[in-house]
Amino acid sequence: MNVAFFFEVLIGGLLAGVMYSLVALGFVLIYKASGVFNFAQGAMVFLAALTFVSIMKMGLNFWLSLIVTLGVMVVLGIGIEKIVLRPLVNQSPITLFMATIGLTFVLEGLSQLVWGSQPHGLELGIPDVPMQWLSQKWNINVSQFELFAAGVAGAMVAGLALFFQYTRIGRALRAVADDHQAAMAVGIPLKNIWAIVWAVAGFVALVAGLMWGARNGVQYALTFIALKALPVLILGGFESVPGAIVGGLIIGASEKLAEVYIGPMVGGGIESWFAYVIALLFLLVRPQGLFGEKIIDRV
Amino acid sequence: MSRADQVGDVILSVESVSLAFGGVKALQEVTFDVREHEMRAIIGPNGAGKSSMLNVINGVYHPQQGKIRLRANGAWREFRDMDSHEAASLGIARTFQNIALFKGMTVLDNVLTGRNLKMRVSFLEQAIWVGRARREELEHRRAVEEIIDFLEIQHIRKTPVGKLPYGLQKRVELARALAAEPSLLLLDEPMSGMNLEEKQDMCRFVLDVNDHYGTTIVLIEHDMGVVMDISDRVVVLDYGRKIADGTPDQVRANQAVIDAYLGVAHG
Amino acid sequence: MLYREAGQFKATYAQDQQIFPIRQDRIAFALLLAVAFVLVPLTGNQYWLSAILTPFLIFSLATLGLNILTGYAGQLSLGTAAFMAVGAFMAYNFVLRMPWLGVIPSFILAGLCAAAVGIVFGLPSLRIKGFYLAVATLACQFFVLWAIQRIGWITNYSASGVITAQKIEIFAYAFDTPVRKYLLTLAIVAVMALLAKNLMRSETGRAFMAVRDMDVAASVIGIPMMKTKLLAFAISSFYCGVAGALYAYTYLGTVEPEAFTLDLSFRILFMVIIGGAGSILGSFLGAAFITLLPIFLSVLFGGISLATGMDISHAVVSNLESIIFGGLIIFFLIVEPQGLARLWQIAKEKLRLWPFPH
């Protein structure tokens, strides 16, 4: 077995996993603060990417487009919180989950209605070519772009972790996630907090959208990325920011390795379900994920 | 026939049961017994471990030490690890402090679920709904209607349980427990949250169940008046330990019990 | 005035247990059956029969299946399309390889295969709940589709995984016209709906609902968790499997695995939500709503197009459809989480009093 090749696949998988984590982070944010599992995160990523690319096509430069798109995502986030979630605030988590499924359809339709459904390319200026010195020195091909994406994701995670741990708003978010009533009792304005959370989630969606859009092109298939984030969340725990990264790494790596080494034996295409089966097995052994909190049923 | 004549032999024996959750000791070497047909109360200050005791008896919690001995169908069974499903099949039924009714179903359906262990017909026969399936369903309906009459909830039998006031929900829960025709009935604060009138009604029903059906009842209750009036014997728990065991009069006069309730410092 | 129960007394429990205790309901239902079985076949045009009514019936059956699992037993499933696919492809195999079985037994066996798959993928429900379980069912959805495309034997080694459903022949009577396909589908769906209704109002249904409402309490009163949950998965998947077989044989004709994607699973979930979870009638109402909505929209936009001279492209209509679907889901969840079935019940309550206002 070619060791260099193994490492290439492994690293490629890890980096792909980091990309999944980027999307998973958006889920974690919203779940952490409001207990809602936002199935529409993928659609938000798609909408962000499509809006950005379309605005750029209209003539604005990179940074201006970025700012405008960010504005759109923030407004969208606040709107979603107000129109969809607040009326459902006391319903069961399943109901909220189903509402976000409905939201997914709305956002997907809206994105394509406004901006059209042709695929677009997205240029971030970082080429998808192997890093020179790695490939020359150790015969391992690792894409520059994927390394850049990993860097962005890492920065994002670090930023979010610091945000939650050390800022006043971050603390308030954690309080709200823990116990709504108690948070209100100490004077935390619930509605504002939720609006902030959704706005930040929108920002995360934008970053993920840019990364994924640059990698795969901005097209409808982008919405399916959200589906890949689910196994990541199960592994990492729904409420954990580091969990999203670790989960992403594990899923990304094992998926790639499985596809390359097991795939040929069974006709390939394992990637469509392998992550889910891993998540499923994990659920049976440790339902709360690596970093999640144990759920206790009381009668 | 005096009360002493009605009460029979020991039917349940709790022997040196200890239960802990992590570092928290809920029960420590608790021992007592329950006689057939009697009305046994478990009392004690909040957090004394009363609900945990009931949960151990019907298999929801498994104690780390000690054992439970139950006389079911004539034979003695000894266990520590029985699960709640098995407890139900051995004739133990219970109600819960926070009402564990099925909010999406009607009163009638809720009470009917209490009879699930007596239903023999397979799902295929139920789907086709002829012969045996039909007869069994009607037979159980008849049995359940008797209980509904007994507890005076006929007028709400088709109402979804979630829409009922608290007091009536408690009564429906009692009906569901009775539907199983239990030999041992565990009641966890059946009168909590009720006003005086509701309490009197529930008291009457609980006594009637004991009289009419002869069911052995173990109940947790905070209202001292109720406990002293209707119980045959009382167990007092405090901080997970048994501190008194006897008739209501004996327990009432027990200094340790008085201390526990007044919050006198413990060693 | 018309819709009153006055004078209709129930003297026995048996009478009280009827599916339609009110006489007016019985009459209305008899009329409905008469229309469905007699009037429609005689007067219906080809398009309505083959493009609207038949798929409506098929989706009603699938919705019934999902409703049993999610609406009654409370186990959220996103793998409905996968179970339908199992039913479709296994029916094809049974008819292909064991033609002496006959079509109806083949459908039943296909349903049983789907039930078996359902039990396997339902096993996680013993340990996990809620949307974790939904994620597990996604594993089923993706895996089954992959398996169908990879295991050549299932599609008789067809290159792209596409199969063609054979002609339906029962005792040499060919069901190959739209009317005959419609009637066959109608008969099967009607029978299965009756079986489902009986099942849901007897002990099995109560056990399902108990597990849905509070499974810990259900276990304490003696309801067996494993048996009940797996039975729910089995029965639900059986229904979806038969629906899938019908989907292939009386509607699609040429079947590809792509017909059974996650999108279809969502669509059926929407039918359950909009129609009413935990309601047999709701399954039909939801299926009708979702089946008719696209047609209604395309007619509407066709009309707008003609009236204003604007050219509204197909893509636009399709996107609007997405938005409206999603919006309706959210609307129903907020306003009437129990769906159209509940609205129907409320309407009947009001009808009892009509024309008196109070």
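When the chains are written out, they are named A, B and C in that same order, and each has its own residue count from 1.
Following the convention adopted for this analysis, a contact is a pair of C-beta atoms (placed from the backbone, for glycine too) under 8 Å apart; a residue touches a chain by one contact, two chains touch by 3 or more.
Keep in mind that this is a model prediction, so the values were computed, not measured.
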| item | value |
| --- | --- |
| Geometric centre: closest chain by C-alpha means | C |
| Chain at maximum distance from subunit C, centres defined as averaged CA atoms | B |
| Rounded Å distance, subunit A centre to subunit B centre (Cα mean) | 49 |
| Centroid spacing, where centroids are CA-atom means, of subunit B and subunit C in whole angstrom | 42 |
| Whole-Å gap separating subunit A and subunit C, where each centre is the average of the chain's CA atoms | 33 |
| Residue numbers of subunit B (touch at least two other chains) | 60, 96, 100 |
| Touching two or more other chains - residue numbers and ranges from subunit C | 214, 216-217, 220 |
| Two or more partner chains touched - positions in subunit A | 299 |
| Residue numbers on subunit A that touch subunit C, as the complex places them | 37, 84, 87-88, 91, 93-95, 97-99, 101-110, 112-113, 117, 227, 230-231, 234, 266-270, 272-273, 276-277, 279-280, 283-284, 287, 297, 299 |
| Touch list for subunit C against partner subunit A, complex | 76, 124, 127-128, 130-132, 134-136, 138-139, 142-143, 145-146, 149-150, 214, 216-217, 220, 262, 266, 269-270, 273, 315-316, 318-323, 325-330, 333-334, 337 |
| Contact set on subunit B toward subunit C in their complex | 58, 60, 83-85, 87-89, 93-94, 96, 100-105, 109, 112-114, 116-117, 119, 121, 123, 126-129, 133-134, 137-138, 141-142, 145, 176-177, 180 |
| In the complex, subunit C residues that touch subunit B | 13-14, 17, 195-196, 198-199, 202-204, 206-207, 209-210, 212-214, 216-225, 231, 235, 278 |
